[in-house]
Structures are given as C-alpha cells and as structure tokens.
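First, the structure itself, so that you have it in front of you.
Chain lettering (A, B, C and D) follows the sequence in which the chains are written, and residue indices restart at 1 in each chain.
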Amino acid sequence: MTTRTISVEINGRAYWGTVEPRLLLSDFIRHEAHLTGTNVGCEHGVCGACTVQLDGEPIRSCLMLAVQADGRSVRTVEGLAPADGDLHPLQQAFHEVHALQCGFCTPGFLMTIEAFLASAPADLDERAIREALAGNLCRCTGYQNIVEAVRLAAERMRA
Amino acid sequence: MTAAVAPARRLIGARVARKEDLPLLTGTARFVGDVERAGMVHAVFVRSPVAHARIAALDVEPARSAPGVVGVLTAADLPDTLSPIPIRMFSRPGLERFLQWPLARDTVRYSGDPVAVVVAADRYAAEDAAELVAVDYEPLEPVLRADAAPPDAQAAAFVVEHGDVDAAFAEAPVVVERRLHVHRHAAVPLEARGLVAELDAETGVLTVLGAAKIPHVNRRILAALLGWPEDRVRLVELHVGGGFGARGEFYPEDFVVPFCAIRLGRPVSWIEDREENLRACNHSREQVHEIALALDADGRFLALRDRFFNDAGGYVRTHGLVVPGMTAALLPGPYRWPAYRCEAHHVLTNKTPAGTYRAPGRYEANFARERLIDVAAAELALDPVELRRRNLLRPRDFPYPTGTNTDGHPVVYDTGDYPLLLDKALERFAWDDLRRWRAAPAAAGLRRGIGLALFVEKSGIAKWEYARVEVDSRGEVDVFTGGASVGQGLETALAQICAETLDVAFERVTVRHGDTDTVPDGMGAFGSRAATLGGSAVLLAADALRKRLDAGEEAPLAEEARFESEDMTFPYGVHVVAVEVEEETGQVAIHRYGVAYDIGRAINPLLVEGQIVGGVAQGVGGALLEELVYDDAGQLVSASFMDYLLPTAAEAPPVEVLITEDAPTPRNPLGAKGAGEGGAAAAGAALANAVADALGVDVDRLPLSPARVAALARGTR
Amino acid sequence: MALTLENEFVVAAGIEPTWRLLLDLERVSGCLPGATVEPGGEDGQLLGTMRVKLGPIAMTYKGTARLDAVDEAARTAVVAVEGKETKGQGSASARIRSTLAPEGEATRVRVETELNVTGRPAQFGRGIMQDVAAKMLADFADCLSRTLADAPEAEAPAPALDLAPAVGGVVADRLRQLLRRLFGRRT
Amino acid sequence: MKPPPFEYDDPATIDEALGLLAEHGDEAKVLAGGQSLVPLLNFRLARPERVVDVNRLDALSYIRADDGVVRIGALTRHAALERSSEVAARLPLLANAVAFVGHVQIRNRGTVGGSVAHADPAAELPVALAALEGRYHVRSQAGRRVIASDEMFVTHLTTSLEPDELLVEIEVPLPPPGTRAAFVEFARRHGDFALGGAAVVLTLDDAGTCTRARIALLAAAPTPLRAYGAETWLTGMRVDERAAVEAASRAVADVHPTGDIHGGTEYRRALVESLVRRALLQAAERR
C-alpha cells in the first residue's frame, strides 16, 4: 500500500511522518509524535477520550486519518498548561475539586472544555455544562465534580 | 499543586486534594498503551464468532506468511505442561472442570473465546493477518439461560440457611413471592485492558507491565502456569484506567501475551480494543431470583426464602463462586430474619464469562430483597419506610451473626445503628418533602415516584495487607504498600495516614505500589479493601517508626507491618431517589438522588464522596441504560459503545451524599470501613422501587429501558 | 444475528414441474442475491460466493449450498447455505425450507428461511441488518418465483445485492456490476 | 480496531474528484466528515479499495441565500450550519435539527452532504431536509443533475447517487410567510441516534388555519419518511390538540419501524406518533 509523508503541527511543533493513509490521527499523535497524553477508549467515536483540538476546535482523533491532518494544527493535553510550569486554570480546578479519579478520560475532557469555555456564555447553567460534556465518557467520577470544575474554571477565567 | 493541605496532625479525615493528579492532568501519566520498547511487536487475538462450537479445523498458515507477522500461536503451540487458569478465591471441588484454558483447545464456549493469537510489527498488520486465520466451527447448541439450563451446565449449587424456613412460611399470615431478573452488564473501565511483556535474556526475568488490582497474586498464577520460580516473574502496575472489579483478574491474555514474549524473544504489546473488551472482559450481574418473604400481620419479617440462578457465562474464572457467594451471604441486608434460606445455582451458559463488578452479588441481592419488601408493603398497605423500620437490626444487636457465611467464614456484622442512619437519610434528603412532591400534580404525561433501598455492604474480604514505611536522613518518607491503585486515590489516603502518624508534612510522603520487585508481597485492591486493610498496615508501620524516632533513633529507619483481620467490616447505607416517568417515551428522569453511607471513619471525605457519586452513576447506568444483549444464537449484539450505553454527564444525576461515622469498626485501628461499593450497591433497587411507585406497577426486572417503562406505563393508563 | 423470515408466492405452473425445478440446486442458489456459483462442488454440493452490499458496508462470503432435505410426499425441500467471510471471522448460514401446494392450475410456494449471521456484522443492536436480510430474502423469493415460472430473465446470475429498487440509475448500476462480474473483475 | 488498507486520494478540485469517481466507480468511497465512514472502516465493515477525500474542496463549503432558496455546500460542517445566522433566520428547522446531531466533536467534523449521502434513517438532517423539500445537486463527469427530495433516499445507507456522482449542494426553498417549524426526537442518551423523531413545517393563515403542512418522520422506516396522508388531512384544519392527535395517528397509520434491542416496532411506532403530535403543537405555537 502506498504511503504519504505528512507534517502535522502539534502544540506548535511540526511532526513529520511517512504513514499509510489508513493510519488514524490518534495513532499518529500517540505513536509517531509520541505524545501519549491523548488516550484512546473506543476507536469508534463515542467515548471522547481521544478528543484533541484541530485548528482550535475539539474533534475525535480516532475518526480522522493522519493524512487528513497534513499541514493542519493540532493541540493536545500536553499543550494545555502554560510553559512556565503552572497548570491551566482548568487543570487546577480539576485538581482542587477532585474532578478526576483514574484520569484516563481527563485529557479528552480538558480539550473539550477548554474550547467550550472560550465561547461559553457568562451565565452557565448546569444543564448547559452537562450537555457540553456529553461527548466525553467518564466511568469513575459520575461527572459531578467535573461539572463543578467547569464552573470554577469559568469563574476564574472570567476574573 | 496540592491546594488544600491540612496541618499534619489533622490529616486523617481531611479533604486533601490528591497526590495522583499532576501527571494525569498534564498528559504525562503512563498507561500501558503508552509503553514503547525497542523491537516491540503487537498481539491481536483471533476470537470465536460463535457461542458454542467444536473447532473442526484451524489453519494459521496464510496468517503466518502475511506481511509483518512474526508469529501465530494456537493452543497447540502452548506447553504440554500447561494447566487451565486457576480460581483464586471462593473455590470448591468440582469447579476445576469448568476452568478456561488460555487458548481454546477443541471447543469454544462463548463468542469472544480466544482461539489464536497473531503477533506482528504493528497493530494494523496484526489485524490484517488475524483476518486470514481460518477456523471451521461445528456449531453446538448454545445454553443461553441459567434458569433453564440442562443439569450438566450447573457448575455448583449450595444452600445458606438458618432457622425453620418451611415452618415459618407454613404459618405466616402474609407471604409475597416474586420472580425477579437482574440483567447482564459490566464494569467497562474506560481504559480497556492491556499488557506489555518482555523477557530479559540476560537475567532470564520476565517483566509484565500493565498489571492491576492484584499484581502479587497474578505473579503467583503466571509463574505457576509457566512452571517458573516466582522470582523470575515481575509484574508492574502503571497508571490504571479504572478497575471496578473486572480489570486485573488473571485472564487468558495474561498468560498468552507473556508466553509470546518468551517464545518470540521480543517485547510484546497487547492493547485490548473496545469490541474485545465488551466480548472478552468479565461480564457480571445476570441473576434470576425466585424470592419469597413471610410476614406476620404487623409486618414483622418471619422468614426470607430465595432460590437464584447466577449466569456464570462460558467458564468459571478466577472468582470462583464469589458472586453467588456474596449474594447468598448478604441478601439478608440490615434486617432481622428469624429464618432464612438461600439456594444458589452457579450455571454455565455460552456467553462471556462473568465475574465481579462493584458490589458483586449485592447489587443483585439488594434489588431482589428491597423490591420484594416494597411489594410486601403494598400488600399490607404499610408505608415502605415503616415496614423497613420495624424490621431493622438495633444497635444492641451488634456484633450480629447473620447466620450466613462467605466462603465458609461466618458473616458477623461488626457495628451499626441502622435506624439512626435511616432517620438521618430521610431528614437530609427531605423524604417528607419528596412525598409531598410526589403527591403534587405533575405535568401532563408525567408520573412521579419515590423509592428507597437499604443495604449492608462489606469491605476487606482478603484478610491481610502489607506495608513498609521508610524515612531517610532528609526526612523524606516512602510508603510501600501491597495495595494497588485503580484510580481511587490510594496514594493520597495512605499518605494522609502516614503523615499524620509520623507528624510529617503530607508532601514529604511518597507512596509506592504495584511493583512486585519493590513490594515483597500484597493482596491488592478489591472489595473496598485498599484504604482499610492497606491503611491499617501503614498505620501500624508508621506508628512503630514514630516510636523509634521518639526514642531518639536516627533516620534512615524503616518499619514493616502486616495487618491482619479475621473478619470483614460492614458499612451500611440508604439510597433515596425521586423520579419523573414520561408515559409516552418511557424516559425516567431523576428528580433527586441521595445516598447516606456510614463507613465508620472517612479518611478523606473528598475521595469518599467521589467513590459514592461515581458508584451511583454506574448503578444508575446499570438500572436504566447498560445491557449486554445476546440474540437467540448467543451472539452479543451490544458489542460496541453505540449499543452498550454508558451514562454521559447528561444522564448521570446530581447526587447528594451524606457520610456518617456513627459506627466505627473495632476490626481495624482506623475504625474505617471500605467505601468503594455503596454508591452502586442499591441503585438498581431504589430506582426500581421509585419507578414502580410512579406507575403503580410491579417492576420485576432491570434495566428500566424506555421501551420497557413505556410498556409498563401503557399497561396502567 | 438469528432470525426467521417467511415469503410466499404463487407460480403459474403445475406442482410437478415446479417441484422438479425446485430441486435444481444451481438455479435455486443462483437466486440468492449477490451469489455466484463456482465450479468444483462435490456430491451435490455447490461452491460459491455471495456479496452483500449496503451503502459503504460490504461483506463477501465464500461457502457452499446443498439440498439438505427432500420430502417428496410433503413437497418440501430444504436448501442449506453456509458461508464464511472471505476476510474476518464472521459467517452466515441459512436453511431455506420451500414447501409447494397446488392452487388450481398454479402452485403456491411457501419459503421459510432461518438465517444466522455471526461476527462483526451481527454485533450491532440497531435493526439495520434485519432489514437487509428481509430485503435479501424478498429478492430471493422474487427471483425464485421467476425461476420456477421458468421466466427467461432468471437465467442470468443475480447481481450483487444492492438494496435499491429499480429506479433508472440503479438499473444502470446493477448492469455495471453485472458486467464486471461476467468479465471476472474481482469477486 | 483499525481500518483495512485502502488507496487514498485527496483531490484539490471538483473536476479531479469527479474524474477519480468516474475511474473507480463503486470501488471508491467518498470521505467527507468521516464521522460515520471512519467508524465503519475501524470496524472493517467498510472495505473500499479507494477513499476519495473531498475535504480539500473548500469551494463546497458555503451557506448562501439566493432568491427564494438557501444553498448549502455539501462540505458545510454541522458546526457552521449551527452557527449560521442565515440559517437561524431563514431555516430555523435546520438550526433546530442540527443541534441534535451527535456532540460538538462530531459537529465540528461532520458535514451536511455527508449526513445526506450516508442516508442513515435515524440521522436528523435528512429528515429535516425532507420536511423542507430540499433538492440535491449532484455532479459527475457526465454533467449535473438535481435529485428531488423524495427521490434521494432509497433505503438504509443507500441513496440514488450513482457511484460516479458527487453531492455538491443542497438547495432548500424558503417556506412561504406564516410558516413555523419544529423538530423533536427522543434518544436514549444525549447525542445518540434517536429511537424516533419528527420534523414539521406548518404554514398558517392569519386565522390560524393550516394552509400547508410538511411532516417527515425519523427512524420510522429505512429512509426519512414523509407523512403525506397526515399532511393532506391537516391542510385546512386549525392545528389544535385534537387535530394534532388525529394527524399524528394518521402519520403512523402505515408505519412499521424495525424493532431492535433499543425498542420494538410497537414502541417505536407509538413513540413516533407522540413525537409528531408534539412537533405539530410546538410548531403551531411558534411565532
């Protein structure tokens, strides 16, 4: 089968690879770029663990071919915290209110919520938050503290 | 990073933010799927597509010669000395006939039964080659119902009883009886299973990364199956994406993948995909109960009689009779029973083997008992709360021998004040307001109902745990525990106990676990045991170390401890739920959900609440959404996340949690009872009671899917 | 996926000739949508492939068809079809029981089919596959009725199952596929 | 769970794409948003020899209001439709329906044309477009043709598109003044494929009498289904509770949805009936 040489910008850095067209973007990120913070939970577009941002918009990286990301810009959980070693306010909120347990789903949630908060209205009600989270599955927390973390982060990011 | 650090002296019981979080938040955590090794190759299992068949022919040659393939193994390639995967607890003579071999030999017993493994340069190539393995199956009749199976399908049957049940029923003025079904569902951790196995050619040591739950137990099993000394086998736990009882048991892949690494002389990675996970990892919960309750005219319980069938699936796996054993042992719940008989049938079918899942055997038992009590209340025109209250055990009854046993060991409830917790729950969750809410008119097409369920949990089933605490000259403290982390916050809880006991800062304590090289022995993390037994061991070791420091000894110092406890501890709780049922769609909307749980002592309420809320989401998912459905041929037709429906944030209800500490246990120095399972334990029971109340009908099975609820509603409109 | 489907039709022919045709395994099998009979079958067993196509979903089965039971008196014949996916571990098998009854000069044919599909295509809860199977067997029954009525068009092998009715574009599409198969490009 | 091997092209122009489709026929599969095709690839239920990725055809991504119609390029993402003020103002039904499509991660990739061409009877947009009587512009090397609303969908996952044809535009006629619409569905979880649903477009005169009704059913049949009988009956009626009940029962009179593990035929039929009733009343109440 033919292969293609592609270049994908991930978290501001270019990653080159010569790949089969069938290689999933999730596998390129994890095994070619060796950025394993993005997890894979179902590979059929339901669980959301593999959520990354493509040109700023959250997408399922298991439902995109790596070749389709050629020349595009991807952001993963590794690119969330500022360089100075601090945590992103969202990560900090997750920590403080115990919004993660096993943590496998957490990177997907973070990349979804970070984009959501960027465009979210000031008056975020619980229903809106829960629906915004519904594309990401968590099996540990029951979501309650994740909802809480979103509220807390939204508050701080507005301030 | 750690925001709220309480002063060292008051760490136990403080809402301390977790030590574990940083790598998980920044993407630097290391799950088994993240592991890369020079020369690592990838395994894919070829699994039976049929429920029950004889393997007539198996041709792997086309796969062997496929691009990138480095090896293809079938049962014929495994050692002649191999034995099937043993039972690790609740075993019993006769069960050995039903054990699973690592690869199917002459017959397959469920859709998903592994028959071959293909190892190739990458997962894509391995999947290509796996398609080329040609197997001829001669179909055999599948057994799909445990309660309607041929006699030879019964793996075990046993009776747990006390008192004269027959006499009680013969004389009872009131008897209610029902046939109640709990459906098959499963733990489904978000990270599927996986292993990376590697043989060090020089030392001859086999290292297996990706262990979970019980690394030391599984090292013993793997070494025994290989016929190797244990010191040549090392299991290492990495970050673990959820366990809930299913992950970490010894499965066929836990032998085959390491064996491939040995045979091929290369690191071998196997990462289970979601379809495999739903077909191959332990299922759970499928039981049919024929349960009867005898009462006197005042609603006093005279006797409880149950006969139930536990669907074991295709083989008896490592759990042996844990699930039916727990059902029979804890079915009595928080009530006094003058007479009790439970007849358990553990029956093989041709579905995925079943094992434990959070509150194993109890989610089912609580549903059966609490549902029947509501039926009895209706029969007697008594308030369900009042009926329960009349029959609760009293504080003076403790310690209370239930007359039941777990694996032959008598069940003796340690401590409790059940009426007090019931009162607190009704008060905290405003039961009277909920009754008014229920009576008030709902919007057109909606019906309101309220339900509750009481339960007694257990924790710490395996009787001991190991800990070592070391302090170095700089005052840094290392805690080595035999417990394991499945995401529950073990490191934080143990560090709290250690830091308070040693009076050092929480940040200076590092908790190490899950590496059979650095921790000599351990039991692991199951049955809500890690914090109670593991924590007690840490407490003992830290206390001994503290005494030596107080005596003026100089660091570095180390102390070991092994905490043993003959008996389990028994936390207890109440689930309260109010629902609105939409007649036309069958939608069950949760208006309010509350859990009150007495766990003796909460080491970290933040984590305990997390456990309870997470447990409720799983319990609610099981009651409303999740179902492993088989067709008439034994084909799993919910083998993807498109049909196996985990609750999302939009379905999981907000949960109010009341943690009480009214009945600390004398059975460990912390006074703590495990808190991991109470959130799930009675969710099915409480929701079924609430929906039955809303529609004024009998609810005799789970799940309460929209179609089933709509049918119930139609029958009553 | 296991299901039973029933089809019934009347052919304008007497029961005797219809019965003889019904025992002609090659013609009956040729009516299975997407089926192509291949040489090399032994002792009354036919080899063949069957291609099932539904939009982007496509499965190719390789297998056999044989007369499993013939009850002269009851005018009942059972054709057993068994196939395995040419790629993947799945399988499809069917027992097609056809029963004839005289209806005046004509013959009523009742076709009961027990279908069992295993593997990936059967592992999804949504009812799509059931509809596919129903459509397949309806097509099969149509073709069978033409065959038994000895209609000439029944001589041509059936094209790959395409669940589109005979609107213009689709006829062209079927023809393309038919030609492709006749000229032996891909199975 | 990885895709099988396939050849891959990502043409930069429509002509290039049409050339590839003409050359490879039904051995090529068009990849748009990929939110339905890629899962089928990962499960290996789809095994195209060649994938023709149209995501570089930016020319097919637009929402344009012309005289009396709104033109939606086939490659328009669901998210763009959702955000479009044009659509919100002129075709509220579409804005209403697209919000039900999966989750934000899906809508950011999924395309309008992809939803139509995939032809899942439980998908929202084909049903909404059926109620709006959208017309489908397709191109091939042979030229251009327009497929009428009720001729597009053939059965599950099957349209009347030829293998060498590419859907390029959806043309939606603007409903007459006095029109209001509603889209309702019921799914087991937020964002799941619905168990049933209905899209309703009603034109009422000043007296509140229905002068024009369009009703399309979701997951009631192997294709989006227009309820012509109910539409005719409703025309000339005042859309009140009683009329809605009657129209709904007529809408499902000949409907027999295939049952599955999430709900049997009877349940689904009754569900669709009540959803039609709700949609009619919702629409009638809108201003």
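Rule of thumb we're sticking to: a contact is a pair of C-beta atoms (placed from the backbone, for glycine too) under 8 Å apart; a residue touches a chain by one contact, two chains touch by 3 or more.
Everything numeric in this text was worked out from a predicted model, so none of it was measured.
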Requested in this report: Give the chains in contact with both subunit B and subunit D, ordered by label.
Outcome: A, C
Requested in this report: Specify the chain pair with the maximum number of C-beta contact pairs.
Outcome: A-B
Report summary line: Taking each chain's mean CA coordinate, subunit C and subunit D are separated, in whole Å, by 33
Query raised in the report: Any idea how many Å lie between the Cα centroids of subunit A and subunit C?
Result: 48
Report summary line: The distance between the C-alpha centres of subunit A and subunit D, rounded to whole Å, is 29
Report summary line: Residues of subunit B that touch two or more other chains sit at 123-124, 131, 273-275, 629, 637-638, 640, 642-643, 648, 650
Query - In subunit C, residues with contacts to at least two other chains - result: 87-88, 120, 125-126
Query raised in the report: Where does subunit D touch two or more other chains at once, residue-wise?
Result: 1-5, 43-44, 189-191, 193, 261-262
Report summary line: Every chain pair meeting the touch definition is listed as A-B, A-D, B-C, B-D, C-D
Query - Residues of subunit D touching subunit C in the complex - result: 4, 25-27, 29, 37, 40, 43-48, 118-119, 122, 151, 154-158, 160, 162-163, 193, 222, 258-262
Query raised in the report: If you look only at subunit B, which of its residues touch subunit A in the complex?
Result: 1, 3-4, 17-18, 20-31, 33-34, 36, 123-124, 188-192, 239-242, 244, 273-274, 486-489, 606-607, 609-610, 613-618, 640-642, 646, 648-650, 652, 654-655, 679
Query raised in the report: In their complex, what parts of subunit D are in touch with subunit B?
Result: 1-5, 43-44, 186, 188-193, 195, 261-264, 267, 270-271, 274
Query - Touch list for subunit A against partner subunit D, complex - result: 1-2, 4, 20-22, 24, 27, 43-45, 48, 51, 54, 57-60, 62-65, 67-68, 112, 115-116, 131-132, 134-135
Query - In the complex with subunit A, residue positions of subunit D that touch it - result: 1-8, 10, 31, 34-35, 38-39, 41-43, 51, 53, 55, 79, 102-106, 108-109, 189-191
